[in-house]
Amino acid sequence: MKTIEVKKPSGYFTQIGPAHPALKEPVMFNLDVEGERIIKADFAPGMSHRGIEWMGLRRNCIQVIYLAERICGICGITHSISFVRAVEQIAQIQVPVRAHYIRSIVGELERIHSHLLWAGVAAHELGFDSAFYLAWRVRENVMDLVEYLTGNRVHYAMIQIGGVRRDITREQFPRIEESMKFFDNAYDQLARVFLDDTTVQMRCRDCGVLTYEEARQLCPVGPTARASGIKKDVRVDHPYAGYADLDIEYMTPDRLTGEVRGDVYDRIVVRLLEVKQSIALVRQLLEQMPDGPLLAIPKPAVLLAKLKGAAGEAVGRHEAPRGEVMHYVRLEAGKDEPVSWKVKASSYSNYLSWIPMMEGEQIADIPIIAASIDPCISCTDRVALVQDGNRRVLTKAELHRLSVEKTRRIQASLSAR
Amino acid sequence: MSVNEILLAAGGALIMAFFSMVGGLWFAGIDRVLAARMQARIGPPVRQPFLDIAKLMIKQNVVPANAIPWLFNGAPVVALASAVTILLYIPMAGIPGLPILQGHGDLVLIMYLLILPALAMVAGGLAAGSPYATIGAQREMVTMIAYELPLAATIIAFAWKFASLGIEHPFSLATVAAQPVWTLVGPVGFMGLLLLLVTMLLVVPGELGRIPFDAPEAETEIAGGLLVEYSGRNLALFTLSLAVKTIVVTSLIVGLFFPWNLTDILAVACCATTAAMINLAFFILKLLVVMFFSVTLVRISVARFRINQVVDVYWKILGVLALLGMFLVMADALF
Amino acid sequence: MSTMIMRHLPALLIATPLFAAFLMPLVGAAGRWVRTAWVFLGAALTATVGLLLAWQVFTTGPVLYVFGAGDPTQTLPGDAAFPIRIMFAVDALSALMIVIASCSSLAITLYSLNAEARQSGLETFYAMLFLLVTGVLGMVATGDLFNFFVFLEISSLAGAALVAYRIDEGVAVEAGLKYALLSTVGALAVLIAIGILFAQYNALNIAALASRLQFTVLDKVALVLLVVPLAMKCGAVPMHFWTPDSYTTAPSSVTAFLVVSSQASLYGLFRILYTLYGSLLSWATFGWFLIILGVLSMFIGVTMAIPQKDVKRLMAYHAVSQTGYMLLGVGVGLAVLGNRAALEEFGKTAMAGGLFHIFNHAMYKGLLFLTAGAVFYRTGTRNLNKLGGLGHTMPWTMVFFMIGALAIAGVPPFNGFASKLLIYESVFRFSPFLAVVAMVVSILTLASFVKVFHSMFLGARRAEYAAAREVPAAMWVGMALLAVVVMAAGLVPRPFIDHLITPAVNALCDRAGYIATIFGG
Amino acid sequence: MTFPIVPDLLSSLFKKPNTNPFPAPQLPPTVTGLLDEVNQGKAELNPPVPAPERLRGKMTYNRETCIGCNLCIKVCPAHAIEAIPAVKKVRFYVSQCIQCGQCTEICPKQCLALSGEFLNASHDRYDRSLIVER
Amino acid sequence: MKLSQTLGKSLWAFLFNSGSCNGCEIETVATVTPRYDLERFGIKVVGSPRHADILLISGPVTRKMAPRLRRVYEQMPDPKIVLCIGACGTSGGAFYDSYTLVGPVDQVVPVDMYVPGCPPRPEAIIDGVVKILARLEAAEKSA
Amino acid sequence: MKLLTPQEIADTLQAAAGAGFISARCTEWAEGAKGRKSRQVWLHITREALLPTLRRLADIHYPHVSVIAHADTGAQVDLMYHFYIYWGIPREEILVTLTISLDKSDLRTPTITGIIPGALTSEREKQEMLGIEVVDIPDGRRLFLPEDFPEGVYPWRKDETGIPPDMVKELWATGRDSLQLDDTPPAPTPEPPTA
């Protein structure tokens, strides 16, 4: 059928910043396409570069927690856990075990909500809105639970250096168990809708493949890596928080399908399996949670004083829904604010995998492939075929010049306002 | 045609245009409400499409700099006008005087007229000069090619059946209405017709650019595709033309496959006006049922196809099904 | 006077363009305006004569004309010795072809007045163009096989010269040579066939031959030698390979007329199958032969066309594809020629569709080539990848192109739809699958032209074509003329079918009638 | 070919929708008219999804007990608190507050709390209702 | 022109993320899902600014996104409405000072309604929309 | 595969770094009730020793590169290359950090993408954010910063090439200065309820 498609002359240059009514961090794709096929893919992130690390060097450690939380609104707890773990190691603060468990519980609830959110977005990218609505309808349950436990649906503000700020009390357990029951059922339904549907399979099987070898070299993390058969999961590899006491398994697609293909479908499989895994983990954590205090240093003012005296460097990590997040922190004595703070978000590690995934696929696959690593893209720049009529391939230098000019022009007009 | 006839036809066409737009929007509203309900939502009020059109009419009508204005603005008008025109050829519920252009066109003409609204959208999309719209227009063209095969096979199969029985005007819808095709075939032909029915039900979403065949408009891929640059009145006209087209294709299916009238089935005897009213109501009900199964239910229960999959589905699956159906209808004569 | 003219119309039909051609070098020396006036006059007169003759045929029946006889309408003396005189036998089919050639030649000549004005050597150009017209008119008007060969040669040589006319382009010369070579080889085959027939039956007159033919082995050889070159000349797959080259390199006005000349070959093909061999043939076999040629041409033509980057090359492949429709329609007619019921029920409709398509194709394809020429005239390129945004500056050309494109794609209410409708609605009775193929090819054609339309006319204005303007008046008129015919034949096809096509169909079926006309029976 | 969502869709047709009809199931003929009626007690709005006890909404501030120690300002990650040195009090900008609640924890006098009020939209981000001073 | 009569009953929304943390973006998307279902008010999320009546902006407007935000706003046909969702778009929120932010949103495009919160609950966003409708009606009455 | 202890790894890498070795330390950190420990190896080496050491590390187990962290220490910029080895073996993963210090007069470092292609993102970021030249980097374009971001300004540097104060926009201040607030304003008018 290829021959009678109405083809565009080959080699025209397209920029896609998917204008999604759906989510996430703006990213722009630069593509060479022939007809509907992608010859070469490149991307330009940084649309939402807010200079968070730089801001962090101007705030004290407690303020940085909330800044870290707002690196990403999907995992409201990931970055704060990572950051405080680094600080705790530097200041040698021993966190109460109960606090570790609470951190892990919230972390797993977050994984459930994030994976459901992702499933919905992926379905929406496929034009499968009923599945999107279904996933998000189910997700509201965990959102309610999280709000009930933390007081906010997104940025939980649960984490404090040296522990957690709010308890999960015995009275709250039944409500949690009720949700877990709900998700047991919901999982079956979601798995059927997402894994058995013919059209989903048509769109996702063997689309956007990342092989094991590519994955090893490009170092993606989380479900993106695991769907390609890379067994990597901070919760398993690296004993921390409540997870240190559990025996957790790597979730790879072969557990369900018996094979690893590394395609979009496998990424769906991995995430669904992880939802199920998270339900079990929450139950285990609740069961094993010891009593005890919540904070090593209950008074924030005292904590600030102690941190002022701490010095050294450390790395804090957490397995976010999208994979490993890691914060490198360096403190110096006598300073309220960190002297160095490097954030590595999960998508940061996963971006590069887009290139092998996209090349050779079709324009129509861009949204689902882009979404399959669960980045945070939401692009509002619309496809702009570059310049007069779409047939010129611009060189990189030209493109750069053009964009500089354009940005300047617009900014001039902005400042003139 | 005499002058009188022409005037009558013109008046009839205007009335038809009005009712088809109102009906089309009402259908669109029902479609949205049903879809919402199935997705466990309350959904908009049924009159929402009317409100949308009213809103679009007061909005600014932007013509992009790269567009060729008369083509860009003309395309929506052509789309709507041609969609309405098709209706003038389709008989409805055996109501006397309908279709207005009875005897002037037949199935093949309708099939080709069906191209026009889509073609107007393609022209408008291309005229917009925007890359998304261009991709969308190309995809629309490919989709049109794709569903043409099953559509053509179905129509030819019908005509063949009638012609082989020596019935005059095998391509006329009036012929089908007079003799429901199901009554003319044996079991083998019946199977064939079932296949053709399934095919046609799935040609509908393609004709209307609905999921899973909405690659030309795919919102998450190309942000509305064809229509990306349209706004205001032009967008309203395109929306209307799609609404009218919904009536057109569902009427076509009803006309081909379910031409029975309620009065005939129940053999009620009543005055002509009452009969017409009853039949019209029944006809609308049939349209709604067809729309529910071929548009609403389909569009919310599957994922969108890639454009090459659209072609594969229409040619390799539905095309083969339709040809098989045609073959069975032909083979039926041997038994 | 007027009766005099009416009596000698067939002679004038050839004489007018021939005269215009021969005096061209002389007139050309008299300056540009005189030359232009002469060309215009020649074209207008030729067209008038052609249309008058056709009118005469349609109103009063076939016209027979014998050059050199005391009474030019006198028929052959009984079964006298072989006729040496040139004899024209213009029946309704020929008349249809004459109408086509007249209309196109007028529009095209008008168009070329502006389009070619910038070239040198115009005298030769116009002389050749008139010769081409002469050849084509002769081919369709003659009732004599040898004359047919002669006119075929005339049109071929003039055609070759015109293809190679832009000598500055190396490819043009090559294409011209190719065209000449193929035509010559083809013509040679025709000549041999004629020789074979003459040797056996001592006759060259089609009617005479038809009445005497025994269908010996040699006759069969002759049949092949006639059919193959003519199929090639009309551009049917698998002998279509020459079309893209010649159609592309020739100046657009010439290309538009080459289409007509190809159709004259098609006419020859039909004449030979229906009239010359007629009842001797196994109709089903030859019908299927035409049908298969047709379906192949349709499908292969369109699939080859879609990826083309050169507008005219693309259009050339579409010409191949459209020829397929004509072959299909007429082929179905031929296949059921022996079955009177089927013939009446759908065979004649199919033939009408095929013949009507010949007419329509000449009009819209001519129009399309002219618009391509107009674009080339203003931009200097035919490359679709380089063109764009011309809709802003050449709106009329764009409209004409749209009309042509919608017509070739068979979109109602343009003329392509009218003839295709006849084909669809009859062919399906013969074999439903053929109708489905025909419909699908039609939509593919549409897709291809939408793409071309977009590439040439839409999109942002381009800096390199900022100077492009609408075409000059004569070109405009030439295109408008064809566009009007295209619209008219689409909006009200009935009169065209009733008065032009149906008589032609009847003439084609009525072999005995043709023979009788000539023998005055 | 399987379409596992279809049974769910069809059965939903006969179930109550999942939607919480806040503030009204669909748009009233006029919004202002409805609000007027609500004010006059003639109509009622549907409530939002019940907010949990811990919900962190709009700031409340007890100006009387505040001692102006400015500790809240030191930890506020959003620059939402402004000192009023003249009276040794503070002022909160609700449109800037990110509801982290850190200030309420550090405040030595417990004069701060986050209420459950969260419907704070306004056309002016410095609307008086969005500046908490007492 | 009966603005609110027609405009307010069929607001088509375009979502724009100007560099938010996604929190607000997600809560905005949540408003179209079954629990909240904005479509019952005739609000539909569209993929092209040309079709949009209301722009839902989240994020503090990064340097890279500012020109794009401006362009999207300009592409929207009149009349148009802007809703700014979340603390960081309203006033910077947690990102109150930076070298790469040019916000808040009202420094780039005019804003008609702010929804504070980090992020606001979906109902708070609905509340913002309803308040806009009320204002539209009020404006129409006074006109 | 025989798993090396952190100390053995440190020793092996020290040998690989040879003269480029500066210092090494191994740390542990336990969380949870069972006191299971996570382990880290920190190695300070010179720039020249980076590639040989990394190659040796890759021989032990193909490392997953996490990120290249940084710190501006005044006269120097420290780069911390964070790698994990023994990933995929429950609880055995070890974080290996190779620190190099670059003088501000000579901010150059070799690319490690030849060994681990996945480090590209981080290296591009170091170029634009710190003004470090990554020698032989396969793709040296900017990543996060806008195209029109001024040349020679590096956000993560704390010296004169860092962000100049006039580039910093105080978003919170927008419009606040124009507020007419006296210090004891009247009680806020209650918002008419919409809901």
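When the chains are written out, they are named A, B, C, D, E and F in that same order, and each has its own residue count from 1.
To be clear about the criterion, a residue touches a chain if its C-beta (ideal position, glycine included) is under 8 Å from a C-beta of that chain, and two chains touch if they have at least 3 such contacts.
Predicted model, so just to flag it, every value in this text is computed and none were measured.
Participant: Based on which chains touch which, give the shortest step count from subunit A to subunit D.
Facilitator: When the steps are counted carefully, the minimum from subunit A to subunit D is 1.
Participant: Please identify which chain has its centre, taken as the mean of its CA atoms, farthest from the centre of subunit E.
Facilitator: That would be chain C.
Participant: Of the chain pairs D-E and E-F, which one is connected by the greater count of C-beta contacts?
Facilitator: D-E
Participant: Looking at C-alpha means, what's the farthest chain from subunit B?
Facilitator: The chain lying farthest from subunit B is F.
Participant: Find the geometric centre of each of subunit B and subunit F from their Cα atoms only, then give the gap between the two centres in Å, rounded to an integer.
Facilitator: 60
Participant: Roughly how far is subunit C from subunit E, centre to centre by C-alpha average, rounded to an integer in Å?
Facilitator: Inter-chain centre distance comes to 64 Å.
Participant: Round to the nearest whole Å and give the separation of the Cα centres of subunit A and subunit F.
Facilitator: 19
Participant: Quick check: how many Å separate the C-alpha centres of subunit D and subunit F?
Facilitator: Each chain reduced to its C-alpha mean, subunit D and subunit F end up 38 Å apart.
Participant: Two or more other chains touching the same residue: where does that happen in subunit B?
Facilitator: 36, 38-45, 129, 132, 134, 138, 141-142, 145, 219-220, 222-223, 228, 300-302
Participant: What parts of subunit F, by residue number, touch at least two of the other chains?
Facilitator: 145-146, 155, 163, 172, 175, 194-195
Participant: If you look at subunit C, which of its residues touch at least two other chains?
Facilitator: 389, 444, 447, 450-451, 459-460
Participant: Looking at the complex, which residues from subunit F come into contact with subunit A?
Facilitator: 27, 29-34, 36-38, 40, 62, 64-67, 69-72, 78, 80, 82, 84, 86-93, 95, 97, 116-122, 141-148, 155-156, 163
Participant: Under the touch definition given earlier, write down the residues of subunit D that touch subunit F in their complex.
Facilitator: Listed in rising order, the residues are 22-23, 35, 38-39, 45, 48, 78-80, 82, 84, 86-87, 89, 91, 93, 96, 119, 122, 125-126, 128-129, 131-134.
Participant: Going by the contact rule at the top, pick out the subunit B residues touching subunit D in the complex.
Facilitator: For this pair, the touching residues of subunit B are 34, 36-45, 297, 300-302.
Participant: Would you mind writing out the residues of subunit B in touch with subunit C in their complex?
Facilitator: Touching subunit C from subunit B are residues 65-66, 68, 70-71, 106, 108-109, 111-113, 115-116, 119, 122-123, 126-127, 129, 134, 137-138, 141-142, 144-145, 148-149, 152-153, 156-157, 159-160, 163, 171, 323, 326, 330.
Participant: Can you list the subunit F residues touching subunit E in their complex?
Facilitator: Going by the criterion above, the answer is residues 145-146, 149, 155, 163, 167-172, 174-175, 194-195.
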